[in-house]
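Lettered A, B and C in written order, each chain numbered from 1.
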Amino acid sequence: MIAFARDFKKAAARVTADLKQRAFIQRALGGYEATRDTTRRKFQNWSEARQAASEIKWEAVNRLDKYLQEFIAKLEARGTRVFVAADAGQARDYILRVAKENGVRSIIKSKSMTTEEIHLNDALEKEGHSVFESDLGEYIVQLRHEAPYHFVFPAMHLTREQISDLFQKELGSEPTNDPEALTMIARRVMRQKYVEADMGISGANFAVAETGMISITENEGNARLTCALPKIHVALLGIEKVLPRLEDLALFLPMLATMGTGQALTCYNTLYSGPRQPGEVDGPEQFHVVLLDNRRTELLADSEQRDALHCIRCGACLNVCPIFKNIGGHSYGTTYQGPIGSVITPHLRDLQNWKHLSSASSLCGACTETCPVGIDLHHHLLQNRHNAMREKPHWWEKFLYTGFVFLMCRPGLYRVAGKLGAIFFPLHKFVNGTPLDPLQNWTRTREFPSPARESFTDFWRKKKLNGEGNHGAH
Amino acid sequence: MKVSLFIPCFVDRFYPHVGVSIVKVLERLGCEVEYPEGQTCCGQPAFNSGYWDEARSVAEHSLDVFAGSDVIVSASGSCGAMMKVFYPELFKETTRHFDALKMAAKIYEFSDFLVSKLGVRDVGARFDGTVTFHDGCHGLRELGIESQPRELLKHVKGLTLIEMKEAKTCCGFGGAFAVKFPTISTAMGEVKCASLLETGADCVVSNDSSCLMQIQGMLQRQGKPTRCLHLAEILART
Amino acid sequence: MAPTDQREAVFARIREALRQPAPHRHADHADHGQEDSPVVDVPLPDSNAFRAWLPAVGASLEDQIVLFAQNAAQLKADFRTVTSVEEAGRQLAALARENNWKRIATHRHHFASGLDDKLGLPCLSTDIGYATTDLEQCDAAITGCDALVAQTGSVLVTNPGAGGRALSVLPPHHIVIARRSQVVPDLASALQLVRKLYAPNWPSFLSFITGPSRTGDIERILVLGAHGPKKLTIFLLP
């Protein structure tokens, strides 16, 4: 088995066995659907809104070169430095160079999964810059040297006691059980960092092509501070974040909030169009926008799955996924978790090492049902399975399914095989529970049914023989 | 109306009484039921594992077996979805695409057939007891089966329907998923069982026997007495 | 080691990738529903269309103010309708006393000049440049705004309209002075207003503030005042 697949299974097994953690995740996400639905019901027509969002994103992604060009041109015309990075290494190197050239020592960051994707913090720290995550959840997992658990709720797996212990240990604060007190501890720490920071690094939720603006959505205000106080602002975003028009935000911002957290609108939605302009009283002297490919063009080239690039990273698919809710975010071992993560990771990394995430799904379709931009998520999981098999079939599975075809195309043989199975099934009780049990993956935790003495086909044949017609009743 | 039955492989061997019940109900409603004996499998196991050529070969056999049918009723939402939604995909750009579209147009999941095609909600059934309903995912999300089973259950004399909180949450069966990722599958089953037990219902009912295999398997291992019945078994009782 | 911009290479990859058309599930076909007929480019839905789908907003200004007030209450923002600048001044003085303000910050804003003078507190003005450490010490910030958005209960601030980027987010209490004429129905109209007021010299910063700062990062429990202001007070002048 591939190493990543093995790690995944081990991690998943660990979490599924941890009833406390599972109950905690269920509770954390338990209120989500009700809140989301209450907010969603306020829309006069959600399904039309969703359809429109899907069409607008289709336009943006399928005319990506046009909109990206417009976006870059508009930004550069007003003094922004735009760097297009083909891969993670180039993006890191550019940002490192900006930091070096400007003698940056202290860096403040707002939440950006793209910076996680390129492992930016490690690279910056290696070069001697100190990096502080200002988003509360990100700050918490940074202190714990952990990856974010969920790309919208990074610290959802932790109890207040764990956070209190963490702050005690890392910050020397007093222990407290009160979420507000804990938040204030982080607030006090961060205020100093904002004031001191030479450089602020942010992500972006959307890139408005028409006006050359990035849009950042947040609740805490840490991104606003990150992009206001330091004299250099660097924003990193994937090339697929493009929206064609400014007014598109009037649709996308409420939809992102509704699906992400069940809010009508997130607390701060901010647009940045450049560095401080003449006449403005504050703002960074330098504004850099780093646009990242990092294999997004691979996903773009897969016309069947291209719509996965429509994703607005709301996290709704994670919140409804029964797999996510039972194995938690860390089990995935990827930057992006849940259904969207399972769909795109094989493209952003590689198929053979990450196909197992597409198999670890019952294909229930809750993700596709909830996605606000109508991405066909669970069907993409099927497509990943197909592509993986086509590239590199498992010899024993191929053998199995060849046999399957042979049998299923021969009804007579199929019935005989069924009959034999029923006859020999009682032997199963001798191997049940032992390592020899071929059904052990089932029987370890569940009873397996016994075949009926008479199959439906047998019943039907008897029925016909007895000449029972429409009015027959047993 | 002449109705051809599609009885999934596991229903044929493990839950034949579900098929028997379907026949009973359909005949009670005046349908002429036929069962093309050449049928074997819809091909979903191969399809879900990514072996689409193999799935196509098996599916082609199904296309042939049901070529002469006017209307097909499937005992399972899962197989029904495979044939209605995925066969047209599977046969795209092949010579059998049109046949796949034809078959998709005439196939119905059992409860959908009764309510949408026959326009019947009261099948004259009687069942004394409390029941909670589990929505099979494929039926729910691929075929839009949600109100139909509930309408039918509501008209069963003596039956009280109690909704469980996690009615629409996947039970964790998912075909090969149940044995490829048994710990995750079991965890999902635990959530489903906890939710149905919370209702205190005598019986859990579903329109998909594969889900019932998972739920029943777990309840029995837990030593719980809650009965697991297919919708057809309830509707067949008078 | 200096990385060179890769836009040519990336754009080449994009164009290459886009040579394969993606299924356009939402395109209209020249011959409706017929998959073979040529795809017609349907214009993208615009903000006029969005209005019909997003939450309803009353047509009259009064309705919109009522809606804004409802939203503000739900967001725990303190929304006050006053009849004059003097009344706003009195209420501000009361707030200063209640919250024990020692120093405040503001900027030159068009229709409430002098409000800050009357408080008799040391006042930092961002218009003339400021040190971040000084702004950080201020207990409250009084700013104007560009619009109040009824649909969402949001305050639209821009660099020119609210004294810069930091004034409305660094001090722990943000006071907004707005006029009735600044109330707009929804986000789309607010964006259109920005366009009207500023294009093509867009402010480098504009923000929709929807309530005081908040977080749910600790056990999903709502806490106000995470990093931005813990308190948001909005005065609506005639």
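Throughout what follows, a residue touches a chain if its C-beta (ideal position, glycine included) is under 8 Å from a C-beta of that chain, and two chains touch if they have at least 3 such contacts.
What you see is a predicted model; the values in this text were computed from it and never measured.
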Is the way these chains touch best called a line, a ring, a star, complete, or other? line
Taking each chain's centre as the average of its Cα atoms, which is closest to the average over all protein Cα atoms shown? A
Inter-centroid spacing, chain C versus chain A (mean Cα positions, whole Å): 28
Taking each chain's centre as the mean of its CA atoms, chain A sits from chain B at a distance in Å of 31
CA centroid of chain B to CA centroid of chain C, Å: 51
As the complex stands, chain B meets chain A at residues 7, 9, 11-17, 19-20, 23-24, 27, 30-32, 35, 37-41, 43, 45-52, 54, 57-58, 61, 137-138, 140-142, 168-170, 172-175, 177-189, 191, 213-214, 216-218, 220-221
Give the list of chain A residues in touch with chain C in this complex. 28, 31, 42-46, 48-49, 51-52, 54-56, 58-59, 61-65, 68-69, 72, 78, 82-86, 90, 93-94, 97, 134-137, 140, 153-156, 158-160, 163, 179-180, 182-184, 186-187, 190-191, 194-195, 211, 213, 219-222, 224-225, 227-229, 239, 244-247, 249-251, 253-254, 261, 264-277, 279-283, 287, 291, 293, 297-298, 300-301, 303-304, 306-307, 374
Chain C to chain A touching residues, read off their complex: 1-3, 5-7, 9-11, 13-18, 20-26, 42, 44-47, 49-50, 52-56, 71, 107, 126-127, 129-130, 132-133, 136, 152-154, 159-160, 163-167, 169-170, 186-188, 191-192, 195, 199, 201-221, 223, 225-229
Per the touch rule, the chain A residues reaching chain B in their complex are 9, 12-13, 16-17, 22, 26, 322-323, 325-327, 359-366, 368-369, 382, 385-390, 393, 397-398, 401-402, 404-405, 407-411, 414, 418, 421-422, 439, 441-442, 444-452, 454-461, 463, 470-474
